[in-house]
Every structure is written in C-alpha cells, then in structure tokens.
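Handing you this structure, nothing more for now.
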Amino acid sequence: MNSIGTRFRFTSFGESHGTAIGGIIDGVPARTIIDREYIKSQLSRRSGNGAAGTSRRAAAEKDELEWLGGVIEKDGLLIALGSPIAFAIRNTDARSEDYDDMQDILRPGHADYTYEQKYGIRDIRGGGRASARETAARVVAGSIAQQILKEKGVEIKAELSQVGNEKDPKRFDDIITQTLAAKDSIGGIVSCTITGIPVGVGEPIFDKLQARLAYAVMSINGCKGFEYGTGFEGVNIKGSDIYHIDEIPCPASGGIEGGISNGLPVSFRCVFKPTATIAALYKGRHDACIAIRAVPVVEAMTAITLSDLVL
Amino acid sequence: MNSIGTRFRFTSFGESHGTAIGGIIDGVPARTIIDREYIKSQLSRRSGNGAAGTSRRAAAEKDELEWLGGVIEKDGLLIALGSPIAFAIRNTDARSEDYDDMQDILRPGHADYTYEQKYGIRDIRGGGRASARETAARVVAGSIAQQILKEKGVEIKAELSQVGNEKDPKRFDDIITQTLAAKDSIGGIVSCTITGIPVGVGEPIFDKLQARLAYAVMSINGCKGFEYGTGFEGVNIKGSDIYHIDEIPCPASGGIEGGISNGLPVSFRCVFKPTATIAALYKGRHDACIAIRAVPVVEAMTAITLSDLVL
Amino acid sequence: MNSIGTRFRFTSFGESHGTAIGGIIDGVPARTIIDREYIKSQLSRRSGNGAAGTSRRAAAEKDELEWLGGVIEKDGLLIALGSPIAFAIRNTDARSEDYDDMQDILRPGHADYTYEQKYGIRDIRGGGRASARETAARVVAGSIAQQILKEKGVEIKAELSQVGNEKDPKRFDDIITQTLAAKDSIGGIVSCTITGIPVGVGEPIFDKLQARLAYAVMSINGCKGFEYGTGFEGVNIKGSDIYHIDEIPCPASGGIEGGISNGLPVSFRCVFKPTATIAALYKGRHDACIAIRAVPVVEAMTAITLSDLVL
Amino acid sequence: MNSIGTRFRFTSFGESHGTAIGGIIDGVPARTIIDREYIKSQLSRRSGNGAAGTSRRAAAEKDELEWLGGVIEKDGLLIALGSPIAFAIRNTDARSEDYDDMQDILRPGHADYTYEQKYGIRDIRGGGRASARETAARVVAGSIAQQILKEKGVEIKAELSQVGNEKDPKRFDDIITQTLAAKDSIGGIVSCTITGIPVGVGEPIFDKLQARLAYAVMSINGCKGFEYGTGFEGVNIKGSDIYHIDEIPCPASGGIEGGISNGLPVSFRCVFKPTATIAALYKGRHDACIAIRAVPVVEAMTAITLSDLVL
C-alpha cells in the first residue's frame, strides 16, 4: 500500500507524468515550524542538482511545492496545525513524447511487466507510479521528519560511499562521467549514520529498529540490499574477534542490540543496482548511477521511520 | 510490537525461561488441515537436531506443542476452525542456574543492556524475551503458513550457503566443529528461494515484496543484512552487463521487479553474525554458528510474510 | 488519525477555510471507471442543494473536484490506475470575515475548546479541521466506494427518518422552516439500509460488521448515537416476542448475526444533535438541522467501511 | 479480526467449549504490578456471581487464570516485564452434552447460521467462538487496562441502568426473576461513566473518542446500540435548549467535543437485546438478561480503548 508508519504516517500519491505527485503527512506535532528551505535543498539533491551522471533535464525539474492543508502561513513562517499536512508537486516538465516509442516496450529490470500483469493497465508515460519521481514526495515528508528529529537531537546523514568497486569519493565523478559517456550505468552504495539517537528506540520482536529501517530503505527504487553493523562482510568474523566482555554497549553492534538502539550512532549501508534503462538502448532520462540521487531518499526514509518510532 | 501481518497475523509471546512461549495465528482459512508432522520436523531443525555446532542440550529441547484454541481434533486430524489458532510450548528444560552468574553481567552484542534501559527490568533467565528461543513460536506459525502456501503451489526452501569464508557445503561441518572446539563462534549466510510464486505479489510503493521480506527476515535474532537479486556484489555490475531488451522478466531481477513478483523464483540471502556469547567467556547454551538453526526460521518468516500478501 | 480502512483506505486532509480539502483513496481496483456525475450529485446533496434549513450560501459552495493522481482520462472516461487516487477541492468560498468576531470565542458544543487544548493552536477560520466541510472529502471517497459495491450488487441508501419528534417525512420541511425562522436548530435521525450484501461480511470478534459501521458513522460530526436491528427500543422486547426457531436468518437481526451479515438487508439508524452554533447567537453559516446534510455522509462512511471489508 | 488497538493491543483466542480461552496483551508498561484480585473480582462479576437471572451453573464457572508469559512472580507480586502478557483460562466446565441436540439446529439470533456460511464449519459445542464465554478474556485484558488507567487517575464505572422499561434499580431483581420463571429473556441498558479523563483524548477525524468507544462496545455480544451525551432522546432537543455561550466545556457534551475529551466525565449508554436462546425453546445455559453480565465487559472494552489512546 501507499502508507508507511502509524504515529507518523506518510501516504504518497502520484504518477511521474500525471498531474502531480504528493502526499499526506499525519502526525506532525502542532506548532512545528516547517523549514521550507531545507525541504527545497533536499529536493534539489534528489533531482541531481547538476551532479555528474544525472541527466541534464533532471536539474531543471522544477519541484514547486504547493501546500494544500495542515499548515498556516503566519508572519512569513509555515506552521503545522497538528492536522494532516497535504502537499503536491505539479509535473510541469512532463515530456512524455520521449516515451512514445516505449508504448509497446516492456523495459527489463523495470516495473513495466509486473505492473501490467498486476493492474492490467500501465501508465506508460515515464513509468507511471513505479518511476523514481515518486521519491520526491518521500523527500518532502522525510525532510519534515528530519526536522522533528533534529529538535530532539537526532541527526541523519547519508552519503555515497562506493561506486562500482571504487571506495574513494575523490574518484566517483570520473567513474560516473566515463559510465555516462559509454551510455552505460553502474551500481553504488549509500552509507547512512544516525547520531544522537537515544537508547531504547525499536519495538521487539518484530518492529526491531533494523527491521523497520530495512523495510523503509528496501522500498526505494533500485535498492537491492541492506546491512548494518558487521553486515555481510561480518560472515567471516569470529565471535572472539569482536565481543569483549568489558565493552557495553558493543562497538560492533551498529548501534542496535536486541532490536533496540543502544545509544551509539546507528550505521547502515544499502546498495543500488545500475539502472536498467541505459542510454545505449532507450531514450528518456537516465542516470549513470542512481545511487547518487538516492542519498536524500535514504535520509528521508530513515527519518520517516524514526519519527514513527520516537513520537 | 509482537504482531506481524494484517490478513495473516502472527502474535508471539513468551520468555525463554518463563512458563511457555507461543502465539496466536489469525487468518488461517477454516478447514485447513494442520500438518503436525511438518511443524514437528521444522521445530526439530530449529532446535539443532544434533547438527554439528549446536549445543547438545539444544537437541534435547522438547518442543511439546499444545493447541489452546482455533482447532478441532476430528478423526485424528487437526482442523482449523477459521478462528485464531493459539498454541503454547512449555519451557520444560528451563535450567536457569547456568545463568545465575550472569545476573549482574550485561552480555555484549546481546539485548541485555538495551532491554534493561528500555524496560527498566530484565528477565535475566536466559535472555528473557530477546532469546532465540522465541523463534520456535515463529517456526510453528511459519510452518502453517508454508502449508497454506504449498496448497497454492508456492514452496519456500532455505539453506546454509556460507560459513565464514567457506561456500562449499561439504566443508561446513569441519569448520563448525573446529570453531566449537575453540569455544568460539562464526558467521554464516542463509540463502532462500521461493518457487511457484504467482506474478503480482507485493503492494507498492511501500509494501514492496523485497521490503516486506527484508522486514521479516531482519527481525530474526543475529541477522545483520538482507539482499536479493544482484545484491551487494552487484555494485560492480554495469547496466549493459545484465539488461537485455529481449529478456522479460529480467533474469537478474531476483524474481521481483518494481516491488512485485514477476513469476521467476524469488531468491534472497541474509547474513547472521557470530553469536556474541562465546563459550570461552560464558556458561549457558551457545551455538558455534547460529545461522544453522536460523534456516527454518528464515523459511518461517518468509512464509508468514507471503501468506499475509497472498491471502 | 486521518486514515480509515486497510484494504480500501481513505486518508483525509484539509481545513474548512484553508487552501483545500481532499484526500487519498488507496485500494480502488485498477480499471474502475469513476462516475464523476454520481460524485457530483452526492456532493450536491451534502452541500444542502437548496433544501429547507440549509444556509443559502451552502448551496452556492462550488465543490470543484481536481484529480491529482491515480486516474487517467481516456476517451472522456476517468479510469483508475490501481495506484492511490488523490483529489482536492479548493476552498473558493472562504468567507472567513464572518468568523472574525469568533476569534476569541470558544463555541460550546464545538471542537474549539478541545482543539485548542490538544493542539495548542486553533485554526479559527470556520472551525478549521473540525468543521463539517471536511465531510465533503468523505463523500468523494464514499461515492467511489459505493460504485465499487454497486458493481458487486450492494446498494446503500440513507434517508432522513425523523426531525425532532416528527416521523412523517411530509412534515419535515415545515418543522425545519419554523426552526430556521426561530434562529434555532433541531436534531434528526438518519436511517440507512444496505441491500444486496452477501452473507459473510464482518470479521469477528472485534471487526464485527456492526462495530465497524458504528465506528465509521460515529466519526461524523454531530452524530450522538448508533443502533441497528431492535436498537434501543428493543430494550423492552422479550426473547419470546422475536425469536422463533423456524426463522433463520432472524428477521429481527438487522441483517447481522454474530457480527457477520446474514444475507438480509442491513439496517441501522443514527442520531444527529441540533447544531450548537445557532443563528440566534452566532454569525456564520448554520443549518437548522444538520441531519439533512449528513445523509450522503452516512452513505459514504457505510460504503467506505463495506469496501474495506469486502475487497 | 481478533486484535484490537495498536499501542495497547489485545488479541483474543478460544472457543467456548474448546481447550481454553485467553489472549495476548501487548503494550503493558514494564514493572506494572498486576492486581490479580481485581481481575478475579471482575471475572466473578462477568460470570454472574449468583445474581438473579444468571444460570446457576454460570456462578460455578471456575475461571482459573494461567499466566503463560510477560510476567514474573517476585515476592508474591505479579510484575509485567514489558513483553506481551499471555494468559489462558481452561474450559473445565465444558458440558457439551447439553448442546448435543443442537447439533443440527441453527439457533435464530445467534451466529450459528452466519458462522456456518462464512467458515463452512461450525463448532457446535456451545456456540464456539461466537459464545459470550469469549468475553472473559476481554475482562482479563480490560482489568489490566483499568489498572493502568487508574494509576493515571482515570476511573471507569459501568452499571445496569434499565431492564425492560424499568429504570429503578430496586425493581431489577424482581423483573429478572419473573422473566426467568417464564423461561423468557429481556433486554437491558448499561450506562458507563469515565471520570478523571484528561482533556485531549481522541484522534480526529476518524479515531474520535466516541467512534473508538462505539466500535469497542458494539463488538460485545448482544449489543444493539451505543449513544453518548444527548443520545437518541436528544433528537427532540433544540439548540437553544442546551447551548449557552457561557458554558465551556458544554455540559450536554457527554464529555467529548469534536471527538476529543473535554475534561468533563465521559458518559455513554449501550443497549443489550434479550438473549435469543430462551429456556422455553432450548436447553443449555441461558441468562434472563444478558445486560447484567455485560457490565464488566463494557468496562473492559472501554478500558482497552482508552489505554490504547492514552499510552
């Protein structure tokens, strides 16, 4: 379904080339002052912002946000009323003609086939609901969640930590530029750290903190894996290597023990596949490395999840 | 919280050395014939069943299942009434004396510290609610879910695919025996494949199939990561390597595109850390490789998740 | 919170004199053709439509519906995509000046006091979120739900069955006109009948059909009571009067036995208090009998509830 | 389904003549001391406790409570661990032979017909899941909820306020005794008052306090109507009669305005039909007035609902 969370609940709507995308955010405390500039900056990061390897048009996407309910403008400030906050971003730049020759094409590694099978109808204009454009609405909700958390001392920071095999950030631009020139695409890893999180966040046995984070992050387009703490590389670690009776909480814990935050920074990583529609085969907007634009979306989904658990 | 799912909902209870563990399973179709032998065999796999590296006592755990409601015995068959199925497994082998000297110890990499902080009380007898014993209840619910799925042609099969660096199953026993002898522990990876899953399972944009699976699997004790399809190793793959316009559905998809099953087998992997309480430091029951006993639990959580999405 | 339902889920937003009211409807089957004329006619009923006792301005409310997502226009038809349907109705007629002198007034029998206490902020313009204007969004969602149900043979019909002590519909207009002239208000009862409902709707033991209907209907502004079957007057009936072993299903059942529909028409009644802000004391828009405009809202909430249980 | 609530969640199981009835209570704060005597006294009220008109056997029902998880016994006290509390009450007095001649009978006004239609199977022994015996589990959960609320200053008190047409409690016993002698049954009304409830409880626009209370109470067997504040009799009241600008909060509000508690006592009433299976027609246990035994169940459902909203 299109809702996430119970106390802090975000419901998303919109197709990539329909009228608008947007959503409803339920649970924002009354009198929260909405930081419009921060939302704008996160939307700008998500739209690529001229970064290497994101399509030129991406930067030009005008993510004009309209507030439909739940807020009141007063003395130049946007203030939450405590009622559900509704917003929409119009799809002004809906150049569906690029997609015209895709009308009969089911793109591999995309949702085209499964959506057509499940819904019996497919909005071919730019991938419809399955398009990554939908993540802009997540970023709006997530930015507000980040703000609520920040007031409680919790900060979320994600960054691109690997592109292909490369782990040195200084080399990322080169690799992406080459990939773009080759009309190809490449995978990437996003690392995320949550600082200032109090002890006690997470609700065992199912709503463990790592389970809720994995759920939220794995719902982002193109994400193929999630790990925290010692992660997959930890398969080769021995118990005697990492556990020492005098270290509580455990430094190798990734900030979570028994599904509950232990007060250490929580850190996790997630991997994004190379985008399936590469420029060599398809027209339309394509990124060389979707992980770049996923960074603020990872922050958003993390913030939405934490707000739900903390409020 | 201690419930998972909405249409097929499992609610779990019990502490490892309290009176019992068990649960309530809501949503089992009336007239389902419960396969008690299958449940027993899955519980036996979970209890280690004499496998290398599981504590001797584990095998001796008598997981005697008592049915408290939702079923009727008729002509030797156990039949679901359509009402919630309740069951309990008594903790007969509650040897809490082994844990006596842990009364004042907070074990690293365990939930001891976080539970004490969150709840202000800790059931020191064997880890209380955070103990892996709780997963026996999951296995009961999961076995019934597997049965419901099997009638619809869906089969779930998990197996240990890596121990430490080793990927050859023929070598697993040796490594675990050595680890056990060293009073140490080691990590492992469990691979799971779902066959016969129809096209269309998964509810975007948040309840994507991979997101729901990640949530369910990451809630298992000791699980540190989840991946599907190309996973983390896919970070180094190029789009041109895997996507070919004439292959729909995409073989590299892991069986899921756009969050919805595409009819191919769904395959995912998850990693389990070495257990924190190693025999070199602590008394009590310890496994050399918890991934072994996690195998049927991974199947159970997968089945619970799919039943909820399919029913 | 502002969502209702799980399979058919409606999330509402908007303040009476803010930018817009509207909502997101999740769970509408793909390829449903939206009947815009029906929605319009239900909105017109809700806005009073010139009926006696509704403010003149009410009829002039232009409930211009804008579709923001989840639908596609094709050959003059509005077709559901299977994704969440989002809509907004602009508040064009926001004459908040009438409410200016209420700025410091807390109106009795309204949400003014409780909202101010709960949220620490109150959108004084026309009651904000607590205004009955919010029910227009319910009517949009409910009309679509009614359409889905109609295709399954289920019809919902509500009507005003009592005004004050009067039960003869031919007398309603007179009473309301007199009440209006006296700048006063009066209570009313709405009766609702669901026909064509199949046997088996309702999910005991908590989601009994009558419990879900009561929840939905009691959430409508001004509703003070719900009853079905023999209702409150049945307190004086004896078992021997109504139960006869040869009548199955039971005619006195109100269509529900054991929380599950029994195939007979389901009928219930709900009472609406006289509106608290009477014209004798306050400016602004006031109805002499809010039960009149509640009729399509009762239908809407019934349809939303049934769709969630039936889908 | 068989769960109610999200933060304070009660999941119920059990058939009237199966092995046991019971449930899981999730959300009880760690270190709550469970008042076993209070639970026992409420169970005793529910079982009739020798009151006029309840079957003799009812009083003999031994509701022996077994705690299966979530609690620890310490120094004679039963203390909540913060984990889900599970309990069972064995059905020791399962005299299903009385029901033998009902094997082929579908009782009117009971769930027999609808359960058989919905589930295709019916547990004929005493009504199975649809029996009022299931409410004993609600009383256990509700008693714990009442205790949590009491610590916050909130008290819930229900009482029988009408039997047939009679509103004078001094006359109730006579009427019920006569009804019993006539092998008949009669309806009743239960009134409930919540005192000490803080301002601000209730979550508009759907989870209004009255909507949540109506949902909870209407799920009790035999309940046919719910009203609060001016209720159904208020249909004949005029706005000018009850609303006065200088009374905030409004005395006629029933303690709820805009769906949110206003600090006044919350009072509501609910009606119970005469039981359908009257002694003149059927063997088995039958009450002359089920409203008597419903009193502690109404308190329980009210407490479960409030705990969920307040925690």
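We just call them A, B, C and D in the order they show up, numbering each chain from 1.
Please note the rule applied: contacts are C-beta pairs under 8 Å (C-beta built on N, C-alpha and C of every residue); 3 or more make two chains touch, one makes a residue touch a chain.
Owing to the predicted nature of the structure, the values given are computational and were not obtained by experimental measurement.
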(request) Select the chain at the greatest separation from chain B, using centres from the mean of Cα atoms. (result) C
(request) Just send me the rotation angle from a CA overlay of chain C on chain D, rounded to the nearest 5 degrees. (result) 180
(message) Suppose each chain is reduced to the average of its Cα coordinates; what separation in Å results between chain C and chain D?
(response) 27
(message) Between chain B and chain C, what distance separates the C-alpha centroids? Give it in angstrom.
(response) 45
(request) Report, in whole Å, the distance between the mean C-alpha point of chain B and the mean C-alpha point of chain D. (result) 37
(request) Hunt down the residues of chain B that sit against at least two other chains at once, touch-wise. (result) 1-3, 6, 12, 118, 129
(request) Give every residue of chain A touching chain C within the complex, in rising order. (result) 1-3, 6, 9, 11-15, 18-24, 26-27, 30-31, 66-72, 79, 81-86, 88, 118-121, 123, 128-129
(request) Could you pull out which chain C residues touch chain D in their complex? (result) 1-4, 12, 105-115, 117-118, 129-130, 134, 162-165, 179, 182, 184-189, 199-200, 202-208, 210-212, 214-216, 218-219, 223-232, 234-245, 247-250, 252-254, 256-263, 271, 273-278, 280-281
